[in-house]
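In the two complexes below, chain A is the common chain; its partner is chain B in one and chain C in the other.
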Partner chain A sequence: MALEEYKGVFIFAQQVDNEISNIAFELLGKGKDLAADLGTEVTAVLVGSGVKGLADQLAEYGADRVIVVDDPELKEYRTEPYTHAIASVIDKFKPDVFLIGATAIGRDLGPRVCARVHTGLTADCTSLDIGDFPLVAIPGREQKHNQLLMTRPAFGGNTIATIACPDFRPQMATVRPGVMQKKEKVAGAKAVVEEFNPGFTPNANYVEILEIVKEVSDVVDIQDAKILVSGGRGVGSAENFKLLEDLAAAIGGEVSCSRAVVDSGWKPKELQVGQTGKTVRPHVYFAIGISGAIQHVAGMEESDIIIAINKDETAPIFDVADYGVVGDLNKIVPLLTKQILAAKASKAEN
Partner chain B sequence: MKIIVCVKQVPDTKGGVKFKADGTLDRGAMLTIMNPDDKAGLEAALRLKDQYGAEVTVVTMGLPKAADVLREALAMGADKGVLVTDRVLGGADTWATSQTLAGAIRNLDYDLIITGRQAIDGDTAQVGPQISEHLNIPVISYAQEIKIEGDSVVVKRQYDDRYHMLKAKMPCLVTALSELNEPRYMTPGGIFDACKDDAPITTWGRADLKDVLDENLGLKGSPTQIAKASDKVKKGAGEKVVLETPDESADYIVAKLAEKFVI
Partner chain C sequence: MDFTLSKQHEMARTLFSEFAEKEVKPLAQEVDETEKFPRETVEKMAKAGFLGIPVPKELGGQGCDVLTYAMCVEELSKVCGTTGVIVSAHTSLCVDPIVTYGTPEQKAKYVPDLASGKKLGAFGLTEPGAGTDAQGQQTKAVLDGEEWVLNGSKCFITNGKEADVYIVIAVTGTVEKRGKTMKEISAFIVEKGTPGFTFGTKEKKMGIRGSSTYELIFQDCRIPKDNLLGQKGKGFNIAMHTLDGGRIGIAAQALGLAEGALERTIAYVQERKQFGRAIGAFQNTQFQLADMATKVEAAKMLVYKAAKAKDQFNADGKTSYSVEAAMAKLYAAEVAMEVTTKAVQLHGGYGYIREYDVERMMRDAKITEIYEGTSEVQRMVISANLLK
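Let's look at the complex of A and B:
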């Protein structure tokens, strides 16, 4: 493998129902920074059926070039045709770095692609940098420069590992949604659009989609919220979440929850924060009646301000909270809501 | 029908994490369990066995003591176990691990391969799809329901705001979520039989792997390399207050919100 032939930062621009997923813009944001460090460009790879018109949106968020693979076989996500599309793009365009969102689609696609092209894939990264490998030069061993250093939590968040892929290309990573920052949108920006179709012939590896069921939900995306009022087992019941909803409404935030709440059937899975739920980084995160298990903390510790309310003084949530109040949430939360409303009202008067 | 279930012995995360000097995990120094997603996969296989009749073979790669998870699987109702163990296989990343398992599986007959979605130590969710690629069979990951229809498998697969009912022709590979089912307990008779010397467990080494190159195995065959591993630096605790009345608590929070210009 002639490594120097591989150039450029590529990102997989995930789309569902011909609508680009947020993660694609987040990857472009990070990809732009990495490309600047490497002195190269960012290319978005857009795969689907009738998707060419979406290329401009990718340009507005930083793509210098968009490779479009458009074919009726790619209408809905299926492992095999999408793998064929991405592996073919890699064979032809030889990227140095390839980033995929660690979504339900990306975590399926990434490993199949890397197995096909024979390269390394680091899962669920939370930080990406360009640097040297080994980090510190070791006498008698070549130190490679301009490597992608991929940092990720393992062991349910107990451990942080930084991983490199020095001898194979592309250097592939799946990236956890909600962690990387989008760039400011540049309205009217254009990218070079290149169409590429490697040909799709169904074979035994093409699975058949019998049915697609969309679970209709009017739930907001908690990853977009600036303020989250999050409840745990301590809230006590589905009905009692009303207290949190009132607080969220007063302060202009959204309600989220811990896994215990989802398991109890009090709130839908879309609102779950944590390792098996969503990673959030709001400006303010209220952890109300949440003990703070490592699996939960892994999904919210990047929040700017964490405020915990818990009656158990020894709850681990207090180890990550900027402000912690020991007390009964049933009494404190309604008072808090009332005071916030009052504060806002007096501000409005002035 | 023949089903292969890949299981992994993982450190019980409650027991803490230990590393060797080279940054790889010191598996010998930690308490171990059968990986929860794999156990759900095994349970799914055993239910298919109950329903349709099937021979269930459990495969693991690891240290010699990984035979413990095979005995546990036999005691739950699996028919056979295969332990793949060899010094040259150690330190493998997902590429080298999936190459090894595919090499072992090529020696076996199968209609369906089930793996867990992900192991709780590495958390990558890569090995199942990679095995399917090496064996050139279809894959359906993140299964929430598994049914057999003739020569095909029908799986409910969850995506972010929807699910797909997918149908794949066998042979194929399915990765299971721990939410799939509630794994059964071992039976006392099963435990007794599984711990006998003549329990149906086969041990394979490097030489028994089929169609696998040396350059794809172990630490040397791993494209990814660890640059650094460390215990996570915890975010420091901030202020914690225990106040007399709920009013004071609410005042305290509102004051902090005002201080940070949130309200």
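Let's look at the complex of A and C:
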């Protein structure tokens, strides 16, 4: 099998309950850029039962072609039939690049598929480019062009690795959700829809779904949150935490707090960040009305971005903050919420 | 050189010791178990004059010397570490700085009620980010017309919430020192009940569990301009000097804990029999006790010497007692830790049971190596003086 035969950028269009997951649109956005660099097209692979009607949505976000694998066996995600579906698509259509979202489903599916088709997979990528491999030509060694360069944090984010897969196809990657940008929606766009069914034999030899539980938890685990809106004594009262809750709702984050807040009985202990609470590492940590004593900072200083709002410009929290505002949180937080909502509204219109 | 105590001192000790046996000891276990501040005991001590021992008579105190006060803390701590520290924090950390640095008006206003025990005192220096490095203060005081406005918080404050009068250290600006910008620190007297002054968490501690250790919170707390204690910008010196005296109190507390544990161990090893005889008959026990008693005696001499040095300062206003106090506190605290640990060992399994006093004493002893300057700080003070 010659590598040249492999063409096109494919993305796995994850759907759950016949609703396309956001990550599919993000992958299309990135896939389109990669396809442009390679002079090829982007294809979405939609797998499920009775999902054909979703193809237009994928077209609106940039899919040139949609391959639909539709079978009752594919109603709910299970490793075996989905692997069979994707591996069969790869065997038949021979994509050059195959991207899967690094969701719980994608992280399960990606490795199974790559082992079955015998190729390389980079997990949880945060950046994808087309370039040369090796990056810098080495005398006496062939430099390959138009390779997918997959970049991902490794060792707990302490190093950044760029990985290529020069000798096998497709070049596969699972991509961290929330990192890639969707394209603007083109209403009414259409894509070529191709149906493909490799044939499924019902089997529950390995996996049988007994029950699907939709989790409704009343107290979130702040350690899983990507964005934390954290309040300290400066918030002033339990009622005033509404400002933070509004901000968290607007930005898709969770509310956490300092020890002082728990001691005042404004919030439960589960939400406490710090030495005697939980250690968190969200992408974004808002420290609102938190002075930033080391006892608190020890629990959040590993956050990717720290944004501090405090009326005292000498508060130690500003020593660890990436961005800071000196001022009254009662004025700043509602404004911030408003701006975020406005930005989201204008984005939704596009 | 005379190592005998005067008649007055002997009488005072008898008084303290009887009070401790009768009023404090019966409650010690309950106070520890329930973490309850012994309010009734404090009232009884106030009546007995224990809360103003080294305070001049004209300010409503007992007019006794520092040694008498140290012995009071020592005797109380023999039976209950909590009660010892209540007296020590009140006397050394709140009353003493007002007596030493206060204006005549401040003394007249605050000291009589504190000395009589009508009011209780506390001292707010430590912050979450400023422990040993007390210069790292974040609490601010800004002069606004006729009032200082305080913002910030203090943590681990002994007698917190129970006390009526607080000495609070805060930053009042910056000063240029040797080309470096330093914080200007001042001391203030703040009364409980002032709007904007509240209490945060009560800490749950390993030992001295009846002592009320609270966070103090200042949010736009306004106090009269006249409540500045001493000169503006001299707060750090006032705090350090106050702690020098406080260290004598804590050294006395550590000494008392060690003595109490030793006394109980001596009694226990004479009662407890194994292998057909009292365990006190075994040479290991005897030698352990000999070591413990010798260290306790050495600690006692250091504590009493430091108390005498402070007396000298109170008389002439210039004798330094900081090294004596640091040595006494360092040594007495480490002896207290060692002696109480050995006391538990010599009690065997029973020593680990809460029904016996020694496990409480061991838990209480540990804090004496930490508060009012850790053992490391004491070594810094001592060595800085050796190498100046």
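Criterion: the second predicted complex is superposed on the first by the 218 of 350 C-alpha atoms of A that agree within 3 Å, B and C clash if a C-alpha of one lies under 4 Å from a C-alpha of the other, contacts with A are read in each partner's own complex, and residues count from 1 in each chain.
Assume a contact is a pair of C-beta atoms (placed from the backbone, for glycine too) under 8 Å apart; a residue touches a chain by one contact, two chains touch by 3 or more.
A quick note: this is a predicted structure, and the numbers were derived from the prediction, not measured.
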| item | value |
| --- | --- |
| Chain B versus chain C as contact partner of A:166, first or second or both or neither | first |
| First, second, both or neither for A:194, with chain B first and chain C second | neither |
| First, second, both or neither for A:205, with chain B first and chain C second | first |
| First (chain B), second (chain C), both or neither touched by A:37 | neither |
| Touched partner set for A:314, first chain B, second chain C, both or neither | second |
| First, second, both or neither for A:233, with chain B first and chain C second | second |
| First (chain B), second (chain C), both or neither touched by A:284 | first |
| Contacts of A:129 with chain B and chain C, given as first, second, both or neither | neither |
| Superposed model, chain A: greater residue contact from chain B or chain C | B |
| Contacting residues of chain A [partner chain B, same complex] | 16, 76-77, 79-80, 83, 103-105, 107-108, 110-112, 114-116, 118-124, 133-135, 149, 153-168, 204-215, 217, 227, 251, 270, 283-284, 301, 305-307, 309, 313, 318-328, 331-332, 335-336, 338-340, 343-344, 347 |
| Interface residues, chain A side, partner chain C - complex | 233, 259-260, 263-264, 291, 293-295, 312, 314-316 |
| Contact set on chain C toward chain A in their complex | 127-129, 138, 140, 151, 153, 200-201, 215, 217 |
| Interface residues, chain B side, partner chain A - complex | 11, 13, 16-17, 23, 93-95, 98, 120-130, 132-134, 136-142, 154, 158-169, 222-235, 237-243, 246-247, 249-254, 256-258, 260, 262-263 |
